[in-house]
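Encoded as structure tokens, the structure appears first; notes follow it.
A, B, C and D are the chain letters, set down in written order, and residue numbers restart from 1 in every chain.
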């Protein structure tokens, strides 16, 4: 394992400290329990709190700030945060209209946020994100995973919350955006959890893992490395097929997010974007908005995911509104 | 149950978890995300540091404290599950608990895991170890077996439970996404629970032997 | 080699096409010869043109837009662009006050831009960047390399040019900023040039390349992998030592850029930032502004560089001014 | 010099560059940035596609066109250097050029590389091949050697020139940053020039032999 670290046990806190110092105009770090809040507390809005295991930066801490989250609770690497973090964060940022938790659908995240919600005394609700179409949804599983679509949920819901919408409105909109998102990922290499010290999975030089999760969880299947266009075709088809099966129509166009898992260079991400935009054109689907870069990463994994969000006027309006966070910034 | 036993069990479990680092970590890498060992170790470490404080408490208070500590130190899926076990056990266990009461409290704790995790037997989780162990524990107590006999028997049940996860599809937890690819692998949480059961049973056996 | 590509020969153009489509609100792509301009041509300002081999994205194309460059000329991967690209770009963006080329100091870039400058009929000048302190400057070499400090030069010079400053003022300011920049890089892994198909250098699991260039050129020396704090200490010391030898004083504070080479996750970059800020504190140097992320990359290399820019009020003013590009955006 | 010879030389050089892919590419990876082979290949390909057009031109026009084509297709450091060679050679070479004029034009072209690159002998660049070759070419012409003799001799000079780069520190080009670490490696541009000289000389030898 080759990483810039001092002691494995100190990675998280040192990295959080660097993050907070580099963005002291936007965020504030709280330690023991660990959470990040905006530097300037908001007023009279639903407080949006997200969180999850670390290693997906800039998700979620990089999305704390005006127009997006009020707080983020980073767990250890790939480990859900614990309820005390969410409780302390909620106490710090609640400002009169209740708390909304945005939680990626993983057993650990769900249970920890659930316990926090049960213990929390202020009105609160939860929006689960589960945009990953890789793992076929079936009644006996805990359901699909939340991946890069979460960025779109956090951005648009952040915007709505900023308008003073109430908790019920926020929940409804968050669920709508999540339902209209579909994502599919592919890995070229494994990630290495620092504490484990070895790659999470073995993969040969000519193989890719199609449908990989953002923790290096195995996906749909192990395939041969193929031309980028072929890979993207399969990814787009998987998402569109899922949309179809759920009666989601991208006829009003989509937000297209080409998300890097960390180790794949921008040059390749733009190449994937090019392939994806060609594919969408063939399906007659308009790209309304685009985002290309590392937004929901998987430690040091090489690979990428494609997210489509079947947009409408309301979603686009909340996508375009000003945002000022470490990881996304426009209009301010 | 005595607090001193709980404190000793923490030491014993911590040592055994350390010993099984490679196995546990490997299993969660294979069909999970590779952090289960480090989560568990962090929990054990925090508990160990807490031992002097725990020693001053009643067994019931200690179990409650252990639950809350695991809740804030383990994280992941296993944190709230293990926490639910201890918090529920603490609730059920009276100071005057008989062996039967302990077995019942244990079963209540295991049931709490299932409630929190919306899970049951055969889903390729820690419950595949814990449910059979809880059943056997209750059964042997009601059949009048001694603590020594029970402690000798439960590790076998745990090992069988662990092994039972191998052919299963996972329907809960992170491995649920894997479909057929989870088959042939043991579940990491089942492994760590097997290690823990073993560790506590060995402690009981040692104590029973030294009392004789 | 594991990359998202179709044909090796098509990487550049496909990636440029994806880039241009993803950022159609900001940039426009011209092909044969290849260059990127702003979507909306500026007026009555010095036209800033940069360029260089591809594989360093977002540099330079990602910095075309309001407040920064007017055009960028991307060469093939790690290969300087050719004069016809610069000539066509100059023709497209010149708007009355002449052309300023910003060129990283590599023999190929220098010669190609030089030939373009000789052929160009409008008034023009060149600012060379050479902020890399890794290779000791000595009279017999072609001098130091231009690396991530180029981002700071392009941002601040872009701001000055936007005010209507003339060519001479732009040259003087660009040279001043460049002189006040020092950078030092370190690689954990090699990059792989797609056309070569193999890593540029071999490096063992316990080794790092200290002072590496942004093309994977070997640096000062091969060293043992050490704790991040130690590595950062050496990097900061190398830069400060260079500042001292050139009579550059960071007493008014610095802009601190922690730049990823592409494959190093944000989490580690923030950890490096934390270490760097500690080091600077020990030297009594104030951090005035910060930037952390992948800004001057080296294909798929894991590693990072640290850049210090000894700032003053003028530099900070031009750093803070609005910028709207694919790679840097604030204030708009 | 005849245009037909130039066109044949392009074919011959292109083939030989392809043959030496591995060597050339490896050298630029070792102490450069790994792109020299692909730059050169791109230049050759572009020239090859241009051959029908070149065939219609005078030798002088063809050389000028080659220079401009290399300038816009090769990029990197080698692009403007090779381009300067051809553009300058085109300028110097009259239609009625004698063998001596060709040798002089060649030397002028090499000098233009040195001017553009601000470089000279012993800096671990292509000039360590080209300068000795130019010298020897001029010398042999003025000593009255035949084209065949010259074409047989120059490859040896090129090979020596190439080998001479091995022990050198680099003071120009990308390897200049390496200091002592460049020692022991051949220069990539020197290698490709050696391949080119060789290729053209073999063509001359074949033609001379077939003319006899």
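Everything that follows uses one rule, which is that a residue touches a chain if its C-beta (ideal position, glycine included) is under 8 Å from a C-beta of that chain, and two chains touch if they have at least 3 such contacts.
Note that this is a predicted model, so its numbers are computed, not measured.
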item: Between subunit B and subunit C, the fewest steps along chains that touch one another; value: 2
item: Chains in simultaneous contact with subunit B and subunit D; value: none
item: Between subunit C and subunit A, distance of the C-alpha-averaged centres to the nearest whole Å; value: 29
item: Interchain centroid distance [CA atoms averaged], subunit C/subunit D, Å; value: 32
item: Inter-centroid spacing, subunit D versus subunit A (mean Cα positions, whole Å); value: 54
item: Touching two or more other chains - residue numbers and ranges from subunit A; value: none
item: Residue list for subunit D, restricted to those that touch at least two other chains; value: none
item: Contacting residues of subunit A [partner subunit B, same complex]; value: 33, 53, 75-85, 106-108, 111-112, 114-115, 134-136, 140-142, 145, 193, 195-196, 198, 200-201, 213, 215-219
item: For the subunit D and subunit C complex, residues of the former touching the latter; value: 25, 29-35, 37-39, 42, 71-81, 83, 116-118, 171-179, 181
item: Residues of subunit A that touch subunit C when the two form their complex; value: 2-7, 11, 14-19, 21-23, 54-55, 57-58, 62, 188-189, 205, 225, 227-229, 231, 258, 262-275, 277, 287, 290-292, 294, 297, 299-300, 302, 304, 329-332
